[in-house]
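The chains carry the letters A, B, C and D, assigned in the order they are written, with residues numbered from 1 in each.
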Amino acid sequence: MSALTTAARGVFVIAVTPFHPDGRIDIESCDRMVDFYLETGATGLTVLGMMGEAPKLTISESCDVVARILKRVGGRVPVVVGVSAPGFAQIDTLTRAVMDLGAAGVMVAPPGSLRTDDQIVNYYTQVAETLGEVPFVLQDFPLVTGVQISPKVIARIVNDLPTCVCLKHEDWPGLEKISALRAEGTLKRPLSILCGNGGLFLPEEMGRGADGAMTGFAYPEMMVQVVDLCNKDDMARAQDIFDAYLPLARFEQQPGLGLAIRKYTLAKRGVIAHDTLRRPGAPLTERTRAEVDQLIARQEKRLKELN
Amino acid sequence: MSALTTAARGVFVIAVTPFHPDGRIDIESCDRMVDFYLETGATGLTVLGMMGEAPKLTISESCDVVARILKRVGGRVPVVVGVSAPGFAQIDTLTRAVMDLGAAGVMVAPPGSLRTDDQIVNYYTQVAETLGEVPFVLQDFPLVTGVQISPKVIARIVNDLPTCVCLKHEDWPGLEKISALRAEGTLKRPLSILCGNGGLFLPEEMGRGADGAMTGFAYPEMMVQVVDLCNKDDMARAQDIFDAYLPLARFEQQPGLGLAIRKYTLAKRGVIAHDTLRRPGAPLTERTRAEVDQLIARQEKRLKELN
Amino acid sequence: MSALTTAARGVFVIAVTPFHPDGRIDIESCDRMVDFYLETGATGLTVLGMMGEAPKLTISESCDVVARILKRVGGRVPVVVGVSAPGFAQIDTLTRAVMDLGAAGVMVAPPGSLRTDDQIVNYYTQVAETLGEVPFVLQDFPLVTGVQISPKVIARIVNDLPTCVCLKHEDWPGLEKISALRAEGTLKRPLSILCGNGGLFLPEEMGRGADGAMTGFAYPEMMVQVVDLCNKDDMARAQDIFDAYLPLARFEQQPGLGLAIRKYTLAKRGVIAHDTLRRPGAPLTERTRAEVDQLIARQEKRLKELN
Amino acid sequence: MSALTTAARGVFVIAVTPFHPDGRIDIESCDRMVDFYLETGATGLTVLGMMGEAPKLTISESCDVVARILKRVGGRVPVVVGVSAPGFAQIDTLTRAVMDLGAAGVMVAPPGSLRTDDQIVNYYTQVAETLGEVPFVLQDFPLVTGVQISPKVIARIVNDLPTCVCLKHEDWPGLEKISALRAEGTLKRPLSILCGNGGLFLPEEMGRGADGAMTGFAYPEMMVQVVDLCNKDDMARAQDIFDAYLPLARFEQQPGLGLAIRKYTLAKRGVIAHDTLRRPGAPLTERTRAEVDQLIARQEKRLKELN
C-alpha cells in the first residue's frame, strides 16, 4: 500500500464501525461497507475516527476492524486510521500496528488541554517525532476538541513537519481558514485539505480551494458528485446536487445524535446489517426514524426531478 | 402593552441592532426594521438578544434602542427584551427600565458557571424573585452558554415558577427535548415553546409540538410561512418552502460569522442602512459576500419555481 | 491623582465591596476599609475586581463605590478599577467615569472566548485603543477566565502597547511565567508584575522577580511584611511570616467560597460591618465559621511565638 | 486479595509510575516505592490514577506495572487501580486484567462530557453494570474532569449501586460536600470517603467525617499522622504536624507542575531512581528544584522543633 501524500483528493469516507445488536463488532458488515464506499466512488477511507466510535473499542478490537477493512480494500484506495489518544505510547503502539497491516497513514486530533499556539505546535512536533516516517492527517475539529488552531499555527506545523501531509478541516466556520491557507506565501509546501462537517459546506469549501471531503455523510455519492462537478467548474450543477441532499445532511449533522442517524440510514440502505451504536450510544426514537424516512423519500423525489 | 403569556406563538423575530459604519447606533434603521419585521408577519419581536449584540451596548444605549423599537411597534405585537447579565442587580435595573417603556416580558439565559440540576433551578428561582410579576423567557442555548438543561429541569422551573411563560428552545440536537416536554404529564402548566437555531430545524420542531420560532434568519417570511403551513397541517408545502431557503439558512448559521451574514443580507434587502457590526465584530470578506449573493440568487430562482 | 505606572510595587489590596445584610451597598464601611488597608501598609488599592463582586453591581452602584473609596483615599495611593466587560462600549463608559473620579488606571481581564495567540493580542490592542491614554493592568487569571496567555503573548502586548503598565499575575502554576518575563530580552519596556492567588506563592514570586502582590487576603499585613522582607533579602524571615499565615491563606483560597471567608474575617476584624455577599453568594455555615475561628486563633499564637 | 469495601480508611497513597530517563518504565523502582509506602503506614495503594500518568501507558505497560506492584504488596494492603477510559470496552478489559492479577477494586472518573444529574447517574449505572461484582471508587475531581457532581447525585449513585463502596473526594472546595454526605439520612448505605487534593485540607476533612486520604503527597507520613491524630481526637497536634508540611504540600499542589515536584521529591528521598515524567511532561527547572530543596530544609527544621 502506498503512503498517504499531499496529493490526496476526492472523498475519503469516514467509515462507521458496524456492531451487532448485542454490541459485538459485526465484522461481516465491514466487507459490505467497504464495497459500498468504493463503488460509490470513494478515493480513500478513514477508519477509527470519532464517528467510528474509536474510543469505545479496545486496542485488539481496533486492530481487528482495521485488518478486515484493509484486507477488503486490498490496496485499491489509501486507508487512514485515527490514532488519537491521551498519550504518545498509545499513539505509537496503534500506529505501528496499523501501518504493519497496510494503512496509508494516521490521523491525530489535539488533546483538549492545548490552548496557546506554542502548545499546539509542540504537541504536533512530538507527534511527528513519535510517528517517524508515517504520514499523518492533522484533524482540526474545534467544536469537539475545544482546541482552536489558527491558520498561522497550521502553517507552522505544515511548514516544519514534512510528514504532515493532510488537513482534515472541520472548523465551523472554516471557509476563511481555507482561503488563508491557500493564500500565496502561507504554506511553503503542498498540503491536501479535505473537509468535514458532514459535507454541509462542501460547494463553498471546494470553491475556496479544498481538495475534497473527509467525512461520513450516509450518501457519499453526493460528496463524490459535488467534488467532481466542482473540479469541472460546473458549480451550478454541483450546488443543485448538493441542495437535493441538504435537508438530510443538515439532519444528520446533529451533534451526538448524528451518528445514530447515519447508521440508521446506512442500515436502511443495506450497507450494514444493524444500526447499533455501542453503549453509551442510544438508538433513535420511532419519531426520529420517521423523520429520517420522510427526508429520504423527499430526497429521492427531488433527485429524480434533477435528472 | 399586554404581557407575554404562555399563548405566545408564531414568529418572534430576534431583531438585530443597527449601527452606523463608525459604530454609533443607527436609530433611524430601527424604524425601518420594525416595519419590515411586522409586514413580514412577525407575531412578536425579541430585542437585545445575543444576536442583538446586547453585551456591546451600554445600559443607556440599550434603553434607547428598546424605547425606539417599542415606540415604532406601538403595541401591535409583544416585544421581549434580553436582560441576561452576570448579576441580579443589573438584571433588575434593565428589567424595570424596559418594562416601564412597554416591553411585554424579558428573556434570561443562564450564566456559564451553572452545572448541576439544582444550581440551574436555584438560579431561575432567584431570577423569578428578582423579576417579580414580569413574565420571562427561559433561553436554553447550550452551544453558547455551556449549560445543559434537561427536560426534567425545565419542567421543574416551569412547574414551580408561574412567570416562566416561554422557552426559547435552542438546544442542538433539541427535537427529543420538545417531545419530552410535550409528553403527557411532564408540564403541569401551559408553556410556549419557540425555537431558535436560525430556523434550521423548524419543520421538525413544529411537528414535535413547538409553537413557533424565536430566531433571526434574514428571511423571516420563510419562518412565517413554515409555521403557518405546519399549523394547517400542510407539511409537504412547509418542507418545500423550507428547503428553498435552507442553503442560505445553513450558511447564516455559522457561529460568530452568522450575524455578519445576517446583517449583510438585511442591508442588501434595504432593511437596515449598514451591515456594520460593532467591534470586535469583523466585516465579511468580499469572497463571503459573493457566496451570500450567489445563494440569494439561487434562492430567488427556486422560490419562483415553487410558485 | 497621578497615573499608574510601571513603577507600581508593594501591595495593591483587592478591596471587597461591603454590603448591608439586605444587599444594599454599605457605603460607610468603605471608609473604614480604606483606612484599614492604608494603615496596614497597602501601596495601592484595586476596586471592582472579581473579588469585589463587580458583576453584581449596576453601573451607578459601581460609580458610587469608586467615588467613595477615591474620596477617602484622597490621593494617598493609586487606585486601580476593574472595568472588564463583554463589550468595549461598557469598558469605555466605566473607564471614563472612574478616571474622571480620580482613578489611577483600570484593569481588564480577557473574555473567555479568546483562544489563539492572535485573538488575545488583538483583543488587548482594541482595549488599548478604547482606553486611549489610560494606563491599564492586564489580568492573567486562567483558572477563572479559561484564557491561557503565554509569556510570549504577554511580551507582545507589553512591547506593543505602552499603556499596558502592569501584569496582575494569577496563573497557577505561574512561577516560570515570572522567570520567563524577567529573562533578558523578553520585555523591551519595564513592566510592573503584581501577583494574585491570595498571596499563596508570594515568597517564591518575589524571588522570581515580582514587584509585589495584588490580591485580597484578609491579613494584608502578611503580604506587606513578606514583600518588605524579600526586598531586604531577608528571605528566611519572609518565609517565617508567610508560614504563620499560610494555614488561613490556604483556607481562604477555596474558589467560590473564598470571598465569603475573606468577608467573614474582615468583619470579625472590624474592618467591615457585615460579612454579607450579594446574591447569589451564600453565607458561611456555622461549621466553616468555626474552622476559620480556629485557624485565626492558631495563627495569633504562632505569630506571638515568632516575635 | 480481599475486595475493597466501605470500611476503607487511613491513607491510600496514589502511587507514581517510575520511569527511566529514556521513558521506559522503571520496574525496579516499583518495588522500592511499594516498600516505602507500606513502611510509611499506607493502608492501601491506588495505581494508574491521573497522577500515575496512566493515560501515557499502553494497556500492556499498565498491566506490567500493576502486576509488579501487586506482587510486591503481596496482599498486605488493598490495591485500587484507576481504569477510567473513554469507552466501556476499555474499562471492562483493563478491569478484568487487574482483578485477575489481584487488585481489590477499581476507580472510575466521569468523562468530561457529562453535565446533567441524570447523565452522571446513568453513566455510573452503566459503569456498575460493566464492572459486575467488582467494587469501585467514584472519583469526584471537578477541577480536572469539569464534571460537577452534587451530594444529591453522589447519594443517588451510592444508594442505588451497592458496588460503589468509596468516594475519592477531590472537589475544591469540598468540605460542605463531606458534611452533606455525612448528614443523617443522605446515604442509606455506608460509604468510605477518602480525600484528595494533595492532603491540603486534610485536618478539616477529617473533622467533617472523612475516613482518610487517597492522594499522593510525597511525604505520606504527614497524612498518616494527621489521620491517626484526628482519629484520636488530638486535633491540635494533627494541625501542628499538618502545618509543618503545608508549605511544601502547597507547592506540590500546582496543577500540571505538581507531579514533577512530587517525583523530584520522591527521587531525592531515594524512593524512586529517577524523577522522569513521560512525555509530554517536562522536567523541573533548576530554579524550581532549588525552591523545593529549600522548602524541604525548612520543613525538616520545623519538624525537629515539633518533637
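Everything that follows uses one rule, which is that contacts are C-beta pairs under 8 Å (C-beta built on N, C-alpha and C of every residue); 3 or more make two chains touch, one makes a residue touch a chain.
Predicted model only: the values in this text are computed from it and were never measured.
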Selected pair, greater C-beta contact count between C-D and B-D: C-D
Matching chain pair for A-C (criterion: over half of the contact pairs shared, by residue number), options A-D, B-D or A-B: B-D
Residue-number overlap at the chain B/chain C interface, same or different (half cut): same
Distance between the centres, which are taken as Cα means, of chain C and chain B, whole angstrom: 38
CA centroid of chain B to CA centroid of chain D, Å: 47
Centroid distance [mean C-alpha coordinates] between chain D and chain C, Å: 33
Chain B: positions in contact with at least two other chains: none
Chain D-touching residues of chain C, taken from the complex the two chains share: 172-173, 175-176, 179, 200-201, 204, 207-208, 239, 242-243, 246-247, 250-251, 254-257, 285, 287-288, 291, 298, 302
Chain B residues within the chain C interface of the complex: 53, 55-59, 61, 85-90, 93, 112, 122-123, 126, 278-280
List of chain D residues in touch with chain B within their complex: 115-119, 147-150, 152-153
